[in-house]
Structure formats: structure tokens, C-alpha cells
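Quick one: the structure is below, questions incoming.
Note that the chains take the letters A, B and C in the order they are written out, and that residue 1 is the start of every chain.
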Amino acid sequence: MADTASSTAAPVPSPLVRAAARNWSALFLILLFVAFGFAAPNFLSIQNIQSVVHLQTVPFLLAASETFVIITGGIDLSIGFVMGLCSVSAAEIVQLLAAKGLSGGTAVALASIAVLLLSLLPGLVNGVVITRFKVPPFIATLGMWGMANGLALKLCDGFPVAGLPDFLPRLGNGYLFYALPGNFVSLFDKPAGFPDARIRELWRLIPFSLPFIVAVLGFLAFRLSRTPFGRHTYAIGGSMDAAVRSGIDVDRHLVKVYVLSSFLAGVGGVFNVFQTGIGNYTTFNASYEFFAIAAVVIGGASLSGGKGRIFGSAVGVLVLAFLENGLDISGVQPFYRYIAVGVLLVVAVVIDKLFPDLL
Amino acid sequence: MNDKEKVPRKSTLRGFLGGRWVAIFLVLEIVFFMFKSQGFATVNSAQILLFYGTQVFLLAVAELFVVVTGGIDLSVGYILGFASIISIKIVDALVAAGLSVPASILAGTVATLVIGLVPGLVNGWLVAWLRVPPFIATFSMLGVCHGVSELVINGVYAMGMPQLAADIGNGNLLYKAPHLPFIFFRRPEVERGTPVLALIPNIVVAAAIVILIFAFVLRRTRFGRHLYAIGGSMDAAVRAGIPVRRRILQVYALSSFLASLAGVTYAFMYVSGKADAGASLLLDAIAAVMIGGASMFGGTGTVGRTMIGALVLAVLDLGLRMAGIATFDKYILVGAILVLAVIAARYLPEAQHPVSEDRK
Amino acid sequence: MKKSPVFLAILMIALVALPGFSQAKIKVLFMPGVTDPFYFTMEKGIRAAAAKAGVDLTVAEYPKAWGPEYQIPILQAAVARQKPDLLLIAPTSTDALKAPLKAIYDGGTEIITVDTFLGDGDYSKPSDYSFPLSYIGSDNELGGKQMAEHLAKLVGETGKVFCEATNPDTSSVQGRVKGFTAGVAEYPNMTLVGVEWCLDVQQKAQEQTLAALQKNKDIVGIFGTNVFSAQGAYQAVVNAGLTGAVKICSWDATKDLIGALKKGQVDLVLAQKPGEMGSLAVDWGVKYLKDKKNVKVPKKVIPGFEFFTRDNVDDPSMQQFIYQ
């Protein structure tokens, strides 16, 4: 549907306005913090903020994966179910290996590697179907959506996969420092023999997941902004014809992008097992992909491609997460977040239309 | 060739040829399952198939209308859920207010259908006036409906439809007991164990009537032709004087209407309403439209062929169930079939409509 | 319309395929609620009893999610394939299953509901759901109340507690929540801060419990009304680093929960007797079918339940109650 050129020539906005529009989601995040900080006393506590960020590890990964795809002008609807599939597979493999007598640590390591390799497949299929068979990304990934879910359900029977080694959730939910204010600081775990009754007094600082996700996102952001891989991604999104003419092997690149997308979903799936201690299939109304895509768009990407940043998507994830958390703690119905997301998305698109050449 | 002449003709002639492979596939499927399990090819099974497929059939038609204009509607699943919830709430409120049960049910249904137009109107406005891509607009609406639904029910399912609604929802048009004449709507009082033939569930009748009307509208009215034209080329449609914005608004409203109707049928059938009642049905609805040969870019597709596509899926569902194969595995198949159908459609003599290569 | 030729074809085939044959052996169909060790154990009880009674047993496909829209189509397909003389079913909704089950009943099948019931579970009074032979299941309300009492003892009878439940339209869960609420109310120093419904999805239970723990920093006890909610709840407690500070009591003695009990992640587990429910259902049903005139089936049969704590979890006499 070609946009007929608007007759209203937009007046050139000042640099300040442009900067504000570009980072409107970050500004909105700050606003959220201020608002909820007043509305609910527990909101601004270190524990709460860390907890929220920690729980967003998987959404961060999914949003990052979606960022690459959306920049190329495509979409990947399958990441939620691919993540669930990988979570379930990883858990099943660990169970299998443990039953064969392998130690917990080895089993987990092997299972993780196996699943990470396997997670390349859905992306490969998506990529080939989209480039070779010219199926629109929407349909191709919708098909994978169904297939991944069906496979996951087949593997686990609709029942989360349990019976995994204990150290998994300890590792997945561990913190770097455990401190009793004014008393001591211990590394990696609470001190042995610490009385249960006093657990709430303990302060936990810096979850393991934080350095992990910062490293991953940092690496991806670097890849996107400073390497040929990233430049090609933007080029394809900007104009596929121009990309072809400048010599980029578009098909090959797109396949790589979709493989990266499902790989990141796979990383999410493996991490999910660490975080929850069980293999989780994705339920139909979990809407992981909904929130990932929303986060990316709110973060400044455009669905027609060519725009988007990892940082923006990360901010998008945080906006959605703290919105829900804040509402929850203030006692407001958490369901408003769905409505809020809908509204924010539309705002994002409108801003995108008003400032079409912001990058 | 004259653009205006081409549109309906093409959908019938070349569409018929291109869509043949689906009809053949359907027949093969039925034959396969007939052999796989006894009891598959019976009146009873056919009715189970149509009855439990009602929501998908309605959603598929909703999706078709939108797809014909080159758009997509991702919110139909959650509009269904929303409608299933408010229909129960409204009917209950009316009964509590003293209105008679039949009147409450009727009024509640009408009210739900009217309220159910709102999501579609918002979608249409976003797409037509604010130029929001259909994907985002309906994606947002998906979330909004989800949120509003959950708000209304506050985490607990909507329950408490009056008995009459359950009877209508699970009742049939005709009953025939041995030695008794055909009776309409009411099950004859006979000895337990006497085989009573129950023909055509009420819900299926209602859905069939609605679908036939929509098929007529798409095929034979100016409104329908406009939709095809818009899907074919928005610029050409504008130049031809078609009120494009109004049509887009109307088409999303219609889609929303059908989704609400599907939600109402759900409430009648299962006497409960929940927010995610239709979440898993979106895939089936879109798959049905694609299998039926419509193009993602718009301009092609008919209700009839979409119904065949929907039947392919419904037969798959029932066949697997009766053969004792785990039906949740069908998602794997549906996903695969969807992609294969789209690929196949490219290689078959399909409508070579001059569409813009704009993918969304 | 494109549908009609297909329909006509089916109609014609139907006229040939319609009549079924009756056989000497009694045909029993078991329709479980969801994929869940509770129902696996029940199935074992049913199989053993069926073998002893010499009846033909079919087990329908286990729905992968809890809900009438999953269970009813499976049920209809199974009944269409072969009409059973006796149907043992755990209805996944108190309301939605009334109509389909009535239709099956009118077709001549006897029905016993296991674990959950239709309507309010009282089949002795004539109503639109009094057609089943019997309801065989735990007294969920009593269990909920006793659960509250046990939990109170564990937390020293003071503090805030939270309930993570599953489906509001399931009779068993309704009973447990009701009993638990009444039980907590008897302790003046304890408050029930909330009841959440995870709709039988473990992840949702985890999310809801986490949110509750963040909102109320001083929750000391949580009751998970079934396998999924209990497991989700204890995941959340682990996630929040509060193992040991929050006592968890759960319903249904799956191997995972018993394992968690031994490791100290969960503090109390209630074991129902699904195997017994299953075999009782078969026994009563068959007895009735063999002699309809003289056999009176009680409208309610309530097997008891057992509590597992860290003290008795290794008792050899308790092992039989773990769901296998």
C-alpha cells in the first residue's frame, strides 16, 4: 500500500525535539520510575529492580533476536515457541543423560550445547522458506510457530519437564554478592548455616544473569552497528533493491539473520531452564513474541525496516517490564499492561511517521 | 483488459482451477481417515466436525475479508475471547435485572455483536486514517482485547449462562426417533438407549447462514468488488473512485463482527467465556485462508475455497482424534501445511494480479 | 455451496455405516482430565479393576491442557468411535460438560464422574446434572480446611498466607479454596492475602506467586491447590531466594513434589487416592451394569487422603500413596 506523498511539508524540528523523539521510550521509562516511585514504596527498592531485570533476561534475548529480523523488514513470529521448544528439549536431554549415569554438570553442559546447535534449525528453515520459496516472513514464521509448538508439546505432553539437577536454579538465580548490611559480604551464595528465619534481612546484589545479558546485548549491539554484518542488515531493510545493486548477497544474509534469531531464542530457552529449574513449553497465551515485537517497535524500530537499535529494544523491554511491575506493586490490575502496550505501539508508529528519517 | 471486469471473473475461473488441488486433497484426506478408523464417515462424525469447527470457520471468513484487501487481522482470536466473556456478563446482568431469559439471551447476543464492532472500527480507523500498518494495528488490538477481557473477568472465567442458552448451543435443528415424526429443536422424550438421530446443530445452522450471506456479499455485490480492487492495487482503486478509507474501515468492522459472533457461539457451546478462548485459533484461521488459495498480498480468495481450506484442517483434527493419534501433534502438521500451501500456490496457475510488491 | 457435495457423500456413507453391533463384554471408557501423574495413577487403578472384572477398557486421549474445549471434542470422538456402556470421566468444567454428557447418557451410557463433578456434585437431588451414577472423589473442602490447619501449625499460627489455585470452574479446586479460606479464617492472627488462578499452567503459577511475593514481602505460607500451582509456587519461592522463609503446602503427591519435600523446598504434601477412586468407579459401575434392578450405587463415594511431611516421607507404609 504505497503511501502517497503527504502534501504537508513537515517543518524541520529542532535537534532537541529530534533527540527527544528518538529516545522517547527512554524518557518514558524515566517517567515510569518517577511515577511508580511515588505511587508504591516498594518499587524503587534494589531488590525489586534487580528482580525485574533478572526476570527479563529471556525477553531481552527475544527482543534482540526480533530486532535483527525487523530491521531487515521481516518479522519472526516463531521465537516464543522456539524458545519453549528449546527449553523442553534441553530439559529432556539432561534427563536422558543423567539417566545414563552422566554427572549433573556434564549432562547440563552437553544438553546446552546440543540444544544451541539444534536451535539453528528453525531459523534455517525459516530463512530458506522465505528466501528460496518467497513465502512472506509472516506466513513462514507463523508456520514455524505451529510446528515448534507442536514439537514441544509432543516432547513434553503438556507437562513441564522436571527432575533436573538442583544446582540449575541455584545457578540461574544466583547473585554475585550476598550481604547483611553492617555485617558481612559473601560471594555467590549465602553463608552456610545462615538461619532461615533471617533470610529476608539478606541483601542480594547483582544477579549472575546481569553480566550475562549485558555481555550478550553488548556484543549484538556491536555487531549491528560496527560490522559489515550489521551494515548489510540495515541496507536490506532500507531498500532491498539498493542492497542487491550494491553487491550484497541478500538471500544469504537473510538466512543468517533468521538463523541468528532462532539461535537467540534457543539461548533464551536454555537460560529458561536455568532460571526455572524445569523445562517449560510455551503456552498459547504467553505472547512472548507479542511483547518482543512490541518492545522492538517501542524502542524505535520500524516494521518496514531500516531502523532499530539493540539499545532501543532493550529500553522497550524495560518499559514493558517496569510498567507491569509498577502496576502490580501499586495494586492496579496487571491486565492494564496489555492495553498499555497496545497504546504504546500505536504511539511508536505515529512518532515513526512524524519523524521518518530518525535512525 | 478491463480491470473492473477481471476481478470477479478471475476469482471464479482461475480460482476454481488453482483451488482444485485443495479440494482433491480434502477428498483424499477423508478417504484416508475413513480407512484409518471405523466410525469416521458417519453423519455423527460430520456433525461433530462442523460443530466443533464453527469458531474456526467464522474466523477464517473474517480473515479472508481482510486479506482480500491486502491486510491482516491478528486480533480476531482475542476479539472472540472478549465476546465470549461479555456475552455471558450481559445476559446474566439482564436476567438479574428481571428480564425474561429468552429476551435476555437475545438482547445479550445483539448487544455483544454491536459492542464487538468496536475493536474492528478502531482497527479500521488506525489502518485507514492513521496509516498504521495492519499488522501493528491489529497486533495492538490483540493486546488491548486481551487486557480488557482480563479486566472484565478479573482472572476468573465468565460463567453462568442460563440453561436455555446451553440448550440452544448444544441443540439440533431436527430430531428423529424411530416411530416418531421429525421434530424441530426439541429432543423427543424416549426411552433411554433408543437411538435418536440428531441432525444439524443449531450453531452450525446459524453459522452457515451467516457465512452464506458473507459469501454473497463478497462475490456479488459492489462492496465485494471494491474489496478485491483495493487488494489488487490501492492506487488504482483510489483512481477508480472507490471510497477506499471507508471500505477499509468497514472490512475491519466486519472481521470484528464475525470474530464476536464466533465468541458468542463459543459462549453458547461451552457456557463459559475466557480471554484466550480464541488464541490458538488464529493459526487455523489464517491457514484456512491460505490453503484456500488466497494471496497474502490481496486481491484473491473466495469464501467457498476458504471453507474448503477450513475443512481440510477440521477433517485433519477429527481424523487424528478418531484414529487415536494425539491431536496436539496437529500443530506441527498445520504449520507445515500452511507453508506448503503458500509455496504450492506460487507454482500453480493462479491469479496473476498486478499487485504491488509491498509485502505488508 | 462447495460444502454440499462433500456433505451428501458423507450422508450416503453414513446410511451404510450407522448401525453398531452390541457385544457381550462390557465396554468401559475412561476420559481423564489432563496429562498429569494424578490421572496416570488413576488409570492404573482403573486398569487393574477392569482386568479383574473382565471388561473391555478404552482410555481416551489425555488432553494436553485443562478445559472443556479440549476435553469435549476428544470425548465426542471417542464415543463416536465406540459407544461405551460405562463412561468414567473427570469433567473439566462444572457447566460446560452438562449438555454433552447428558446427550451421551441419553444414548444409553452410564456415567460416573471421578475427581471432579458436575454442577454442585449432589446427584441425589433431581436436577439437570443428576443423571450420573455417582461422584467418586476426595472431599476437597475438608482437605482444604485440614491443609489450612497444617499450614498454620508450620508457620506458628501467625502471618500472611497466599493461595495459588488453578481453574475457577473446576469443582475440586473450588472446594479446596473454599475449605482453605474457611480454615485460615479460624486463626485470628493469620490473613489470606490473595487467591490467584493460574489456569493449570505452571509458568503462570510461578509468575503470579512471584508477583504476590513482591507485593507482600512478609508472606510466610503458600498453598498450591494442585500439581501445577504447587510446583509453580515453589519455583517462584526458589527464584525469589526465599526457600526456608516461606512454607509451601501442596496438593497431590507427584514424584516431583515428594522429591521437593525431601529436599526441603516444599513442606507439606497431600496425597489423594486416585488409584482407589479409579478402581471404586469400575467396581461400582460394573456391579450396577450387571444387575441394574437391585444394585443401588451411592451418589457420592469419598476415599480419604494422606498427608506427607518431612517426618513420614520415608515411611515404607506411606510409599503406596505417591503417584506413580
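A few comments on the model shown:
One rule holds for everything that comes next: a contact is a pair of C-beta atoms (placed from the backbone, for glycine too) under 8 Å apart; a residue touches a chain by one contact, two chains touch by 3 or more.
All values derive from a computational prediction rather than experimental measurement.
The chain with its Cα centre farthest from the Cα centre of chain A is C.
Of the two interfaces, A-B and A-C, the higher number of touching C-beta pairs belongs to A-B. The geometric centre of chain A is 33 Å away from that of chain B, both derived from CA atoms. Rounded to whole angstrom, the centroid-to-centroid distance between chain A and chain C, based on C-alpha atoms, equals 36 Å.
Annotation for chain C: residues touching 2 or more other chains are 64.
In chain B, 326, 328 are the positions where the chain touches two or more neighbouring chains simultaneously.
Chain A has residues 153, 158 in contact with two or more other chains. Put simply, chain C touches chain B in their complex at residues 1-3, 6-7, 10-11, 13-14, 17-18, 61, 64, 68-69, 72-74, 76-78, 80-82, 93, 95-96, 98-100, 103, 105-108, 128, 167-169, 196-197.
The touching residues of chain A, counted against chain B in their complex, run 1-4, 73, 75, 129, 133-140, 142-151, 153-154, 158, 284-285, 287, 290, 293-294, 297, 303-304, 333, 335-343, 345-346, 349-350, 353. Note for the complex: chain B touches chain C at residues 23, 26-27, 30, 34, 37-39, 41-46, 48, 52, 155-157, 159-161, 163, 166-167, 169-170, 187, 192-193, 195-196, 198, 212, 215, 266, 269-272, 277, 304-305, 307-308, 311, 317-318, 321-322, 324, 326-328.
Considering their complex, residues 70, 72, 126, 130-133, 135-137, 139-144, 146-151, 154, 234-235, 275-276, 279-280, 283, 286-287, 290, 296, 326, 328-336, 338-339, 342-343, 346, 356, 358-360 of chain B touch chain A. Those residues of chain A lying in contact with chain C across their complex are 42, 48, 51, 55, 153, 157-160, 162-163, 166, 169, 173, 175, 196-197, 199-200, 202, 204, 275-278, 280, 283, 286, 325, 328-329, 331, 334.
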